[in-house]
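Pasting the structures here.
Two complexes follow with subunit A in common, the first pairing it with subunit B and the second with subunit C.
Here is the complex of A and B:
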């Protein structure tokens, strides 16, 4: 009994250490963001006041306002296509297990293995040729293509688990394949769609590697690009840089806190096949 | 389903296939072609140089460093994330008040863009006014400029990457632990098995699918590491902390050797392909063995 009680305290102590270790980066960002640049106290010390000018600096001079707008547009449109094209592609792969579709599945897995770094140079020159550099559609199409395999696999394992009876009934009633898909299948995909949106959405929002190559004009910066230029151009303004970082991570952290269940379920589903 | 209907639904994956062919397969083949040229990345002309880029690559000390670093980033991150992730999962599998809060806090950094995480770490490791040096000075020690020391910088990159993404391994292991039927443990207890026996003979074998998913996921993530390195060191000091992916970008943008950058990209692809196939094959065999 005594042993158990000791373990109880030890448990909470360990929990506290873990919380501190993982929360300290976010704490640091918040502390520096709301601190005046003239306050030279250690970065560990949380300001006893709220100073909002750093956020203003980041939004206006650092271009974070525009970057947030661009990132919202790019991520939202990309997610839409990732979901629609992904769900469509998953349907025949889950329902029509022919030899050819087995090959198609293998092809998609092979695509998944190609790391962005090994195609970035030719992709850039190809995009330059077709006018996709510094455009919304160029980055969107790239993000969609690279997130599609995840979306296809999540959707196809989910579709495999829904009974075929409904589709067969629809076919007897004279529903064509398109009607069947959009009227019968799509409405049943809600839970897995949440996971797909969350997992691929985080990757779109946080993307840096493709954006670095494809978006070179200052007018079309995304959050990561704006923060990178803020840190390299204005390295002395630590508080402004922290504010930019704060604005960049806040949206996803908030969404995560509200939809945590879906994030974790989605992660587990996509990892364990 | 009718045969005709079945054939018709195959049309549904055509958009996806078109995207893959145009934006992955075609650039990939172009990359192979470019790797045999001396293209500088912008001019209209290029010359085929045969295997010159590949020969240069095998003699280039910077490529060797980047290759070793890539393996360090990949393997060390995988080891740390799996051991720590499993430890966290075992800990959070105990029922205690507030454990969901702990899980939330561990997983939260996964949301942060690795690039931004790298810049945040700058607030800690900066020489002037960095949070780590504040502690060192308070303890009466000399302040350290860790990011200009390549060994320390590599260790920092590995640790930051591991701590940021350990939440992924943790949730995979938690899901795995929850799938182990309690009766196995009860049976083991009846047989007088110690905690270590139970862990070794019940938990570990039954966690094999989780171990394999988590290892492959972390390994591929670590081998592709890019954003964090760009934010923390940009590959410096010198070329000492470059990974293959940051080196490709460096050779393309700074050195303007697009042909050479393509060759490094192709070699990286082969490397990642071989490593992940070997690891996947190993786990597939292991999973069959334990069944």
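Here is the complex of A and C:
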């Protein structure tokens, strides 16, 4: 009994430490965002005043509104493809356990192991040749390609746990493979779809390395590039960068705060299945 | 939901109230630019001329200079070029990854039409750059930078809008408080005496920002020539022909190691970043920093009321000359495979025009790289005037660019960190790494 109580305290202490660890970067971003660049006090100290010029700098010099618009378009379209193509590709892989499919699945999982930057030069050359530099579709194709293995892996594991009897019943009622997939299987995938959207969506939103090379026109820059533009080798505007980061994470935090019930439910359901 | 938000807000307020808050600082006068130079717009920019009709061509111009004043000036100049010629210019500053982007674009042979060569016009970009000897500005290149931007056959690769004249930057108020006269620092022994005096008043003698590893590379790059190559032709030739005895490098390691043992560096020398160093100088907590004069400009942005300056690199011993490094700062080259060679040429000629070049060099606060152009270097002018034409001071190229094979900059950064981290076998490790890397890269040349 005593042991159980002691474990309970440690559990809360551990939770508190994790909360603090996660809160510190957000605290720093907020503190620096609202602090004057001429305030030389420690970055740990919160400003006793509200300084909004950093936000103005992020919006005007950093072009954060345009960056947010670009990031929303790129992330939303990429997530749509990642979910739809991922689910459709995972279905036959999960259901038809042939040797060939085993190989295909292994190959797709293998792609997850390739460090994206290791193929940067051929990727850049190829994208330049097909005109994909500085275009929405170029970065979207790249993001979808590198996120699909995660999506296929999650969907195929989940589909494997859905009873085959459901599809047999649908077949008896006259459903073809496509109808079965869209009408019977897709509605079952809601929980895992939430997980896929969170995992791959955050990756798309935060993507820096591909955006850095594939999107060099200021008109098409994303949030991460807008933040990076405040830094160079010999001059940096940390306050402007923090304000841009603050604006960049705000939509994600708001979306998560308002939809966390669904996300957490999705994650739990996905785990139980 | 509202309860949760309120709880989070309450927790935040509690946390903040426990730490305390800072007071609003006084805003500096923003009538002048950060380096104290005139902030007037580009010459001729105020005149109302009829804009040329668009040619439909847009040049891609990649540049690596940040800072609001400089960046705004570049954008303004590009706008004016478009107005006058109808040729669009998309000027892009991709942040601190500029060098990596250029390497990728070189590897895939997809270079921008025009780009800043940031010190590498000859050593790295020569095969991708159009020779500029036929341009009208080629006869006006300042003699002190000409050698750094032309190859052994006299081919000119880049337009030097301004030039770097680099020494060790210092905070004059800190030195004054410590009783040090910057002009008295002639040798490294004098420099070390100055560091002892600064340490005695409880301030940091040498500020280092090792998290940004290039600051460690800078330190090695600044100290090495004074100990190895200045007024030592044998070592210069040995480094160039591949016969250098790397046991000689111990003298560099020993010097920096001794500073480290004497606690001249900030305690967080390996983990602090460059901007923390600038803040330390701005708040008059540190005396010296191994960085170019643009560091002074940055310091004035944070605290216009402080006094900054720079000194040449001290000499190895009495009787030898002090030295300043000269190199490219804002230098622009054009691709030899650009789809728009005529338009790119027009753009370079436009940048070299006296009014435009003077405007840009003034914004950078640096002396112009063209001898027919005079720039206003603001608060740095006394130092450029004092050192630029002083025959007692050696003008030397950046050590790594001149004497080390391409790709060894990283080794300088890494080995600088090894020394400062106080590793037990640092001396052997550093010398071995430099020797191995040098031999490997020389073999590939």
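We take it that the second predicted complex is superposed on the first by the 218 of 273 C-alpha atoms of A that agree within 3 Å, B and C clash if a C-alpha of one lies under 4 Å from a C-alpha of the other, contacts with A are read in each partner's own complex, and residues count from 1 in each chain.
In this text, a residue touches a chain if its C-beta (ideal position, glycine included) is under 8 Å from a C-beta of that chain, and two chains touch if they have at least 3 such contacts.
Just so it is clear, the model here is predicted, and its values are computed rather than measured.
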More residues of subunit A in touch with subunit C or with subunit B? B
Taking the superposition as given, does A:238 touch the first partner, subunit B, the second, subunit C, both, or neither? both
Taking the superposition on A as described, I'd like to know which of subunit B and subunit C A:152 touches: first, second, both or neither. first
Touching partner for A:51 - first (subunit B), second (subunit C), both, neither: second
Per the contact definition in the header, classify A:171: touching subunit B only (first), subunit C only (second), both, or neither. first
Quick one: classify A:218 as touching subunit B (first), subunit C (second), both or neither. second
Which residues form the common part of the subunit A surface touched by subunit B and by subunit C? 44, 120-122, 124-125, 212, 228, 231, 238, 257
Would you tell me which residues of subunit A are touching subunit C in their complex? 27, 35-41, 44-49, 51, 61, 120-122, 124-125, 128, 133, 212-213, 216-218, 225, 228-238, 257-258
Across the complex, what residues on subunit A touch subunit B? 8, 11-12, 14-15, 18-19, 21-23, 25-26, 28-29, 32, 42-44, 85-86, 88-89, 91-93, 95-96, 98, 100-101, 104, 107-108, 111, 113-126, 141-142, 144-146, 148, 152, 164, 167-168, 171, 176-177, 181, 202, 205-209, 212, 223-224, 227-228, 231, 238, 241-242, 245, 248-249, 252-253, 255-257, 260, 263-264, 267-268, 271-273
Under the definition above, what is the set of subunit C residues touching subunit A in their complex? 1, 4-5, 12, 15-16, 19-28, 60, 62, 64-68, 70, 90, 92-98, 101, 104-105, 107-110, 212, 214, 274-275, 279, 282-283, 291-292, 294-295, 297-298, 301-303
Please output the residues of subunit B touching subunit A within their complex, sorted ascending. 1-2, 5-6, 8-13, 15-17, 19-20, 23-28, 30-31, 34, 41, 88, 91, 94, 96, 98-99, 101-102, 104-117, 119-124, 129-131, 134-135, 163, 167-168, 171-172, 175-176, 209-210, 213-214, 217, 223-224, 226-227, 230-231, 244-245, 248-249, 252, 258, 261-262, 265-266, 268-269, 272-273, 276
